[in-house]
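Across the two complexes that follow, chain A remains constant while its partner is chain B and subsequently chain C.
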Partner chain A sequence: MDSTADPKGKRPLYQEDGLAYARAAAAAASATAADEAEAKPKPKPSSSSEEAKPEPEAEEMPPLVLVAEDGVEVRISRPAARMSHMLRLLMEDSCADGPIPAPNVHSDILDLVVQYCEKHGPYYDPEASERARNPFPPFPVELTPTVSSIKPVTYVDPDPHGLKDWDKDFISLDNSTLFEVILVKRILNLLDLSSTPQDLLDLGTTMVADMMRGKKPEEIREIFEIENDYTPEQEAELRKENAWAFED
Partner chain B sequence: MDADACEIARLPEELLSAALARTSTRDACRAAAVSPAFRAAADSDAVWACFLPRALPPLADGELADALPRKKDLFLRLSDRPVLLPDRRVSMWLDRESGAKCYMLSARDLTIIWGDTPQYWTWIPLADSRFSEGAQLRDVCWFEIRGKIQSKMLSEDTTYAAYIVFKLEERSIGLDYPAQEASVSVGGTSLTRKVCFHGYDDDGEAGGVPENYRPIMFPPQQRVRRRNGRPVPHGENVGQPQKRADGWMELELGEFFNEGGEDGEVSFSLMEIKGGHWKSGLIVQGIEVRRKASG
Partner chain C sequence: MELCSVASIMSLGYLAIQRTHLCSLVFRVLPKLLGFTPSSLKKLCKDVDPPLTETIVGTLPELPQDVLMDIFATLEMPDFIRVGAVCRSWHSAYTSLRSLGQYKLWLCLLYTSESAGDSSACLYSLTERRSYKLTLPEPPIRSRCLIGSSHGWLVTVDERSEMHLLNPFTCEQIALPSVTTLEQVKPIFDEYGVLHKYELSWLTGRTTHYSSPLIFALDKLRDELHYKVFVFPDTSTGSYIVVLIHNPGHQISFARLGDDKWTWLPHHYLYCDCIYKDGLLYGVSITGDLHTFDLSGPTVAMNTIISIHRDDDCEYAYIVQSPSGDLLLIWRLFEDFNLEPDHGETVFWNTTKFRIYEVEAAGSKLKEINCLRDHVLFLGHNESLCLSAEEYPSLKANHVYFTDDNMLWTLGFKNNHRDMGILNLADNSKEELLSSQICSNFPAPIWITPDLRNMNLASGAAYKMVQ
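Now for the complex of A and B:
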């Protein structure tokens, strides 16, 4: 195991990210950005050299330290932290040197989110992602409806970095973890209500949507283990009100 | 982590709404019956704003007079019955499954060749339509009806089909043979197919000309319209009319895919100008353009 194993001693961060972390830590010791750009023997493992985004100042600094609700510290490298608007602001204001509290989030879940950010961070371009600037939540009333919002998500995107497959594995979590992850996204954005990384939120909500699509209410209750706190009369009335949806 | 707890209840309502907005109108209505918490999310404006079209056309005065407090109410109203556009010649509604905008171009909105000449076409009041009048065919040799709609009025990324909505009168003649030609044009592409106002039974043989078909202009003759015994002799690929729930008939003119974002228009036409014989006994309500479900 590398020396940058997660302080909890449980699951270390990815080996590659560990290397990035080690390099960043070493880089912090040296003074000039120029030296760092040359001294790196190989490009960041998760990106090819021609695509490495030049962020010398971000890579010099040590990773941010997020403190979960159970007191455990989780480190996130600066490039990955860029995916959170809140963390980006903190970094710009140079307030990110000390531990940053992430209340109401268990360290296991924070770990998962950090893993996601570490994986997607190098390719994340805040300028390109227009939707990342839309406030979410609360929903503005004029939401942009896309046909994809009422169809299964089957868009075909070019995916040069194999992120889609990684995402699929990542998101095949059990129900409770999935919801925790979605909740965390919410929390990481508490300060600013902007939706980075929108991708993770999209991923999670799309998963939930796929689980609900085409199912009868009884089936949805079963999948999500929801208690039916309608009275029989109430339920009958709702079915009548939405009768067309129940005609098969 | 409490694995026993009702996990989805811990999702804030906005996120549950975000998930529901990615399903369908049908799913969102069904979800309301799951639990009160689900209902709050499923009926929320956040979800139904996604199902409503981004831009609704302006409507005629007094069209949406009822109070529609929620977006869901607006959606259900628009998908239940059509509303009239300001010129009162075009009506619009939403496809309930997808939220796609659908239209009917009334006969007055269409271009009917010889439509202004009372000897050939007259305008009659319609009791069972949102439009006040329809076009009645008295006699014509040159049968041509054209309509068009701006692409930007339609929903993006949707397959549509156009139908002529009509009734055949008892005394109708000349519309069973030869078949009419329907075409749909989008941009530079045009698709034409043969259709016929008269349907036929499956026990019919294809091909052949009716015995009393005379391709020269005789005065119109009263003729008993064909019933089940004698099928109209058309080939295989002639579009057939279908009965509608509102008592009218419809005949598909063709289908097209609207990508959206273009400034063009889609045009439709229905013609029979080659037979040279008199046709009569048709009432046209309009051309309907609605979403065609795929598969």
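Now for the complex of A and C:
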């Protein structure tokens, strides 16, 4: 949980050779060392602390400007932008100073995603989340859990910032918006194979999964507005396998 | 995977050339590589084709395969199967997950009932609190005993006392080596040369003097001989090892799929439960001993890990591996029983308590555990399971879900009320699983973890597939 470590040491669980190359190239050609230090994600308070104060240095850095497909500019503060692995990469490479185009994304959707990141950003610690997500990593162990990160069974996540309730309200979106949000966040998370459990992507996909439970295929098609591209004969054939699951 | 190639393209090609344009390139190129293109959005707009700069009306964007697979992997099996029938792209995600075996583990209770018919089994889902009905291949399931359930295989004993592996979902059946290949069983033929009885001896290998063997009708041998069967994946051969605990004296015999006979492990007896871990077969006996057997060599090497001599024998023992890899020994106590009832009353036995011990990693020591924390146990004729309640929110942490695997019920108490339910380890209170009106007592209900995949017979193994 030592977030003052060099960002190159804070790796996602699965190493991408391409990513290593990208970082090396960025570091070699970066403008000034001071610039890099300032653009680094600032150490954030641990999730168990009561107050999270926005870091003074980060506040001084201007927010990133994302430009949606309809030309509307959506601003996202640097701490919030850290929730996207992609944007983190751009910030570290000092590519994030000018407007960042986000084609295929409507400003309304982008706005929602930014809202989520702004809310969660200050409390985001990628390493703590990874351990919470996978307390029993596959052998050989690749993450050394610190004592503080292994939670006792009676541990109740304190959620001091009321994030869970906020999330519940936030994710009550209509299906179309929900899907868009999932897709956008997925792109923003790109290359971050260790995405955090409470991340907006997981929040969205969990929401979608809940909508599928206990429903028949016809009902699911209606909810998700999906066209049935099977002929009745093909569908009957499909249902013959594991017919038990389709009966009332 | 897409992501790997994207990363390498991003780093090698684009970075090298145009780092300053990285931002816009990333956002423009990657969505196309991932298949989320303006055209895929347009695809779903049949009648209306609005310019994309306006808010999307009516139809939802198509979710790409990897997002679908992430979602489907969290669904329980019935839901998982149903979403596979929605449309072609969803079916594709479903079949990918299924062939990888990456769908969620589903635990349900398999039972039979008179109303469902002789060849049907019912599956009770703990989450949905409802039952599904499955049609199973011949011979009728209600004529068989259920003595094992591991990795999606049910182990049955038919009316000729022969054992089969049965996958209720794929309807595959595999015959296990004949019961006559066990050391203790001899076939008896009538004057026409047809098998019509079995002779069961008392051979254990522990002494040289035995009582005379007994003779049983074909379907009666299974009341005496069989106790439990386990099916363990054997990673070294890519096949399965099948382990049978049988009488006399709860001894162990085993076979690999494809063998034509059972291999007897003499001199050791009184086993209640087994697991297979790290190439070793662990057996826990009713007397409190934990033994390991190394089945890999030409002769089987046995080792004693723990030797505690217990005097009480109204306790059954189980051994299980927790998700974190620890070995747990569990004792099941039947403090509430009456085996010699007065006239008009029935025999009964009820589980009242469980005692749980952790086997210390260094071996040979047991540490009693009072609370399972967030784990859940599933015990019975099935291969004992320990799950994390966090991954299965419908299960209650620190509870034991148990079915009746008491050998008493085979000794003439076939239609007895089943000792099964959910026990809360915190206060030893019990909850009923299913009303006895719904589920038949014979064959005894059993936990099952379904496997939707057909067994890969490409290796040309010699086992007999039963049609």
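Quick note on the criterion: the second predicted complex is superposed on the first by the 152 of 248 C-alpha atoms of A that agree within 3 Å, B and C clash if a C-alpha of one lies under 4 Å from a C-alpha of the other, contacts with A are read in each partner's own complex, and residues count from 1 in each chain.
Just so it is clear, a contact is a pair of C-beta atoms (placed from the backbone, for glycine too) under 8 Å apart; a residue touches a chain by one contact, two chains touch by 3 or more.
Source: prediction; values computed, not measured.
By the touch criterion stated above, A:Glu225 is placed in contact with chain B and with chain C alike. In the superposed model, A:Ala102 makes contact with chain C only, not with chain B.
Shared-chain residue A:Lys216: touches chain B and chain C both. With both structures placed on the common chain, the touch criterion links A:Met86 to chain C but leaves chain B unconnected. Of the two partner chains placed by the overlay, chain B and chain C both lie in contact with A:Thr205.
With both structures placed on the common chain, the touch criterion links A:Glu73 to neither chain B nor chain C. Common to the chain B-facing and chain C-facing surfaces of chain A are residues 106, 108, 136, 153, 175-176, 179-180, 182-183, 186, 205-206, 208-209, 212-217, 220-221, 224-230, 235, 238-239, 242, 244-246.
The touching residues of chain B, when paired with chain A in their complex, are 1-3, 5-12, 14-27, 29-39, 45-46, 49-54, 96, 98-99, 155-158.
The part of chain A that touches chain C in the complex is made up of residues 16-19, 21-22, 25-26, 29, 69-70, 86, 90, 93, 95-96, 98, 100-104, 106, 108, 136, 153, 175-176, 179-180, 182-183, 186-187, 190-191, 193, 205-206, 208-209, 212-217, 220-221, 224-230, 235, 238-239, 242, 244-247. Those residues of chain C lying in contact with chain A across their complex are 3-4, 6-12, 15-16, 19-20, 22-24, 26-28, 30-31, 34, 36-38, 44, 46, 52-53, 55-56, 58-61, 63-64, 67, 70-72, 74-79, 81-88, 90-91, 123, 128, 132-135, 169, 323-325, 373-374, 397, 452.
Chain contact summary for the complex, chain A toward chain B: residues 106, 108, 136-139, 141-145, 147-151, 153, 175-177, 179-180, 182-183, 186, 201, 204-206, 208-209, 212-217, 220-221, 224-230, 235, 238-239, 241-242, 244-246.
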